[in-house]
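The next part holds the structures, each set out as structure tokens.
Across the two complexes that follow, chain A remains constant while its partner is chain B and subsequently chain C.
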Partner chain A sequence: MELTKSQTQHIAELARIKLTEKETGKTQSDLSTALKYIEVLDELDLEDIEPTAQITRLSNIYREDELKEPQTLSQSETLSNAPHQSNGYFSVPRVL
Partner chain B sequence: MPYYPVIGLEIHIQLKTQTKMFCGCSAEIWPPAAKALGGKAAAPNTHTCPTCLGLPGALPTINKRAVEQVIRMGLALNCTINQNSYFERKNYFYPDLPKGYQISQHRKPLCVNGQLPVNGQIVGITDVHLEEDTGKSIHEKLQPTTYNLQPTNGEHTLLDFNKSGIPLMEVVSEPDIHSAEQAVAYCKLIQQIVRFLGISDGDMEKGQMRCEVNVSVARLASDIATQQDSNSATQPHSCTATQLHSKLRQNLPPTTYHLPPYRVEIKNLNSFRFVQKAIEYEIQRQTEALENGEHLIQETRGFDEEKEITFSQRSKEQAHDYRYFPEPDLPPMKLSDKEIERLRAQIPELPHEAKRRLVDKLGLKPSQAEIISREQSTLSYFDQLVKLNLLTDKAANLIVNQPELIEQYSPQELVNYLEKQAVEQIGDENALMQIARKIIEANPKPVKDYKSGKETALQFLVGQMMRETKGKAEPQKAADILKVVLKRN
Partner chain C sequence: MSPNQLTITQALDKLRKNEFSSVELTQACLDRIEQTDTKLKAFITVTKDEALKVAKNADEIYQKQPEKINDYPLLGVPVSIKDLYSTKGILTSAGSNILKNYIPPYDATVVKKLKNAGAVIIGKTNLDAFAHGSSTEASDFFTTLNPWNLEYLPGGSSGGSAASVISDQTIFSIGTETGGSIRQPAAWCGIVGLKPTYGRVSRYGVIAMASSLDSPGPMCKTVEDTAIVLNVLAGHDPLDSTSSSVPLVDYTAALNQNLKGLTIGYCEKYLNKPVQPAVAQAIRDALKTFSGLGANIKTIELMDPKYAVAVYTVLQRAEVSSNLARYDGIRYGHSVLRNKKYQPEDIIDVYNETRAAGFGEEAKRRIMLGTYTLSAGYYDAYYLKAQKARTKICRDFEKAFDKVNLIVGPTSPSTAQKVGARNKNPMFGEMEDILVEPSTIAGLPGINLPCGFGNNLPIGLQIIGPQFKENKIIQAAYAYEQATDWHKKRPKIASVAG
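Moving on, here comes the complex of A and B:
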């Protein structure tokens, strides 16, 4: 399947990636090639196959709701990699 | 031209668990000790770990209790349980969502197709699903001096990830609600149900319950038909507006209406009053816009709590594209019939069921039943009083009119207290009888006057009774007792 230019721009927006005109063209062609590569799967007859959400064959793996040995970090550990912080909070450019 | 409001609700409720949804961090971000000191939340970013901070490589695990709580909610709302359910990733960028996706449910939510009777009308439940809460954002323009480092000129969003990963249940209704009052009644009932189930405190001030409403206004099929008739031929037609208004007053759905081609979503309503005000404002705004021939669009609006109006936030053109896909880090949940029945057995009598029982089986007034069934503790207190052989009406009146007694005594203590009071009253009556006899003997003249029809003579005897009891007797009661004794005399 060939991606259109506007589809490519939409994907870039969703990924928060700014593309120049030239990069848009290259990405459009690269992504189209990738899509074409997996199109081979369309040849399979999957008529009677239930869609699969998971391939581990595991199910019902739960954690009991008990407070034991949590991996909880201290406030200073939590903030240790934060580029900006203030009074125990992470600080980012205002979003609203 | 009347329009018919069409309303659906999405209610987010934080579940009451010890640990978070996908990690072992404590979910108790309102410490009980601090609660007594004025309800202060825990210090920011102190209930956080690599998983709920979205650090690379951290893996989620499913909190079993949260899954069970959502299933119990689904069963309480008469839902079908999806026996093959799984989590999915909902992808979007926002600073309070550190992974860049929220683990939620989309194609196979735990519970689907339920219904709930609200004031005698059925509200369809589309689904009840489980997800994780996001972090908390504080948008503030702070003084630069309070900052260590600043990315911009004092314009910051501060982030606290304590609530990131708290189990969040979302209850989605069908657009079956047609007035602001009915929407509020629905929200209140959902809040009561989660409290009866013990799965959340549903405290709206603490953000444990948040409402989103979807509002649009519809034209009625009958009106559209009428208008087309009048367009095709200029014959007079009977207007259905009166009938419609009468139906609206009774909150009955008109026979047919067309679901509007747009809907307006209002997010983050954190009180019942705001739910009411936001819906009322939207119905009026949309009706006026349509009457002025405007075209309404699909959009998300915010609610200004001070002005009590809504304002546009995001239109459909910029609508989200969440690209849901199954969460590869979490195996699916397979729920057996046995497991579902085990959870069903844990559901207590629910507030709306209790209300019906109190009215239908015990003969209480709906207003009494409403008050008694609001909280589980009150309901159980009432049931215990009835079990202790107190008359239902007496028990109901006590609870409705004398809450101070309820707070002071256990049901058994209250029954004892009432018995003692009754015995004392009888004792009082016996004493008054004796005094009455004495006074009648000592005052033959007024007694004779009274018996010959002089009603005022009784007042003199009552006065004597009051003197004898040093004013302790109630005049009305003294008069009643005198009359009884005089009759026998």
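Moving on, here comes the complex of A and C:
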């Protein structure tokens, strides 16, 4: 399947990646190439076959919702890599 | 023989006998890195000072507390770690610009286990950015070269790890595999690389790529070393809910068992084009070796691996698009907000600009393909269909394992390819990994073993087993290794120095 330019631009927008004009063209052609490799799935009879999401067949692993020391980071550790912080919070530009 | 050339087993023996100290062993590895890595470029970070400190502590135990030696199965042994594992206080870049200054505040479970076992971390190795690739050419920093021939690629994504092992810069290494990233570089560099069953080794603290597939594992000089390291790494981790509680076995107990009564299958499809004739021949020779060791050899039918490539491409890209959504320039990593002159229009603009500058071409391509297949209206046509096809591939293997204990085939269709090969095809990695992706999709364990040479470059053999049968794989791999001497070959890298 060939993607159109406007589809490619829409995907980039959804993915929150700004593309240059040149990148858009290359992406359009690279994604179209990849989609061709995927098309072979249409040759398989998948009627009545359950999808596999978890390969070792685990489901719903529960645990108590409690704080445990070793995997709890302090506020300063949590913020240690942030570009902007303010009063112990991540600081972000205007959202709305 | 210089200490850095030793295996884990040999190094531990000499450390115990006090033939050299861990500081001397670690220094030998650091010297080797200094002599060779300006050309090989296997390492992103070398943690010299920290390594020597840890080595010194190990020596104290050897000298002053010998009764404690057995509590540390890797006491004083140097290890290099793929730069995808979070290491507390040490740069963890994932080979990407977006994390090039990222210092994790915690250790991955695998890193913690290695530290608790007494291993000495000597540095972090190069990879395709976010482990997206099969060559290290997609690293945002530089390409690692193949120690056997510097015009060739080491494979990937754990290419830095594989190159560091075969060039004796380290005693062993730790890689990760999502679809070939341990086995394929192990094949191209001529070392032993084990991808465990999905969930056998914890993913906690490994920078996530495709969470339903990611499998951490050892990359070593011998099968025995691999068993020793797997004993340290394997096991359930409360911090990774997808890690398995299936009971552990002592993997070293699988060594030294004969192959009588074991049935090994192979599939002709895996030996046809595009598999190079020299590679196919090496596998046929290996089958004869297995037969000579007492195993029954049987042909089996498996689905065409092109279906696994399709399933892998859909699932992996979709999971990548979701996992890499976290790199938003707000909490850590590269951010346009660090540019003082930048005046954001709004928060969406921060995301768009940060991700455009921080991700390389490969990551962008993967994120966008995944975004597309998961986007409204396409879920059934791609993701759901791929998950159903995944079930079909699992059943195909289950059927095969009714007839045979293990399956043998080539790891990669070819020996190492030349630097630059990746740029020719946006699906380069998938085509190089066509023979490992089916087992990946089914969550199966698999090992790469060196089994010959073509074009003066190593050829890799893989052994695949049913889920949680790493011990059977190790049994067959060890027997093969003892009957051959491919694992003893080393590239002449003395010429690399300077």
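As a working rule, the second predicted complex is superposed on the first by the 89 of 96 C-alpha atoms of A that agree within 3 Å, B and C clash if a C-alpha of one lies under 4 Å from a C-alpha of the other, contacts with A are read in each partner's own complex, and residues count from 1 in each chain.
Basically, a contact is a pair of C-beta atoms (placed from the backbone, for glycine too) under 8 Å apart; a residue touches a chain by one contact, two chains touch by 3 or more.
Everything numeric in this text was worked out from a predicted model, so none of it was measured.
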Quiz item: Who does A:A34 touch here: chain B (first), chain C (second), both, or neither?
Solution: second
Practice problem: Pick one for A:L44: touches chain B only (first), chain C only (second), both, or neither. | Solution: second
Quiz item: Looking at chain A, does chain C or chain B touch more of its residues?
Solution: C
Quiz item: Looking at the overlay, what does A:E64 touch: chain B (first), chain C (second), both, or neither?
Solution: first
Quiz item: Of the two partner chains, chain B (first) and chain C (second), which one does A:S86 touch, if any: first, second, both, or neither?
Solution: first
Quiz item: Which partner does A:Q75 contact after superposing on A: first (chain B), second (chain C), both, neither?
Solution: first
Exercise. Classify the contacts of A:K18 with the two partner chains as first (chain B alone), second (chain C alone), both, or neither.
Key: second
Quiz item: Residue overlap on chain A between the chain B contact set and the chain C contact set?
Solution: 14, 16, 53-54, 56, 58, 61, 63, 71, 73, 78, 83-84, 90, 92-95
Quiz item: Which residues of chain C touch chain A in the complex?
Solution: 102-103, 105-106, 197-199, 212, 238-239, 241-242, 244, 246, 306-307, 309-311, 313-314, 317, 321, 325, 328-333, 335, 337-338, 344, 346-353, 355-356, 359, 361, 364-365, 367-369, 371-372, 375, 382, 384-392, 394, 425-427, 430, 442-443, 467
Practice problem: Sort out for me which residues of chain B touch chain A in the complex. | Solution: 17-19, 23-26, 43-51, 53, 61-67, 86, 91, 93-95, 108, 137-139, 141-142, 146-152, 155-161, 321, 323, 326, 328, 330-334
Quiz item: Across the complex, what residues on chain A touch chain C?
Solution: 3, 7-8, 11-12, 14-19, 23, 26-27, 30-31, 33-35, 37-41, 43-44, 46, 49-56, 58, 61, 63, 71, 73, 77-78, 80-84, 90, 92-95
Quiz item: Which residues of chain A touch chain B in their complex?
Solution: 10, 14, 16, 53-54, 56, 58-75, 78-79, 83-96
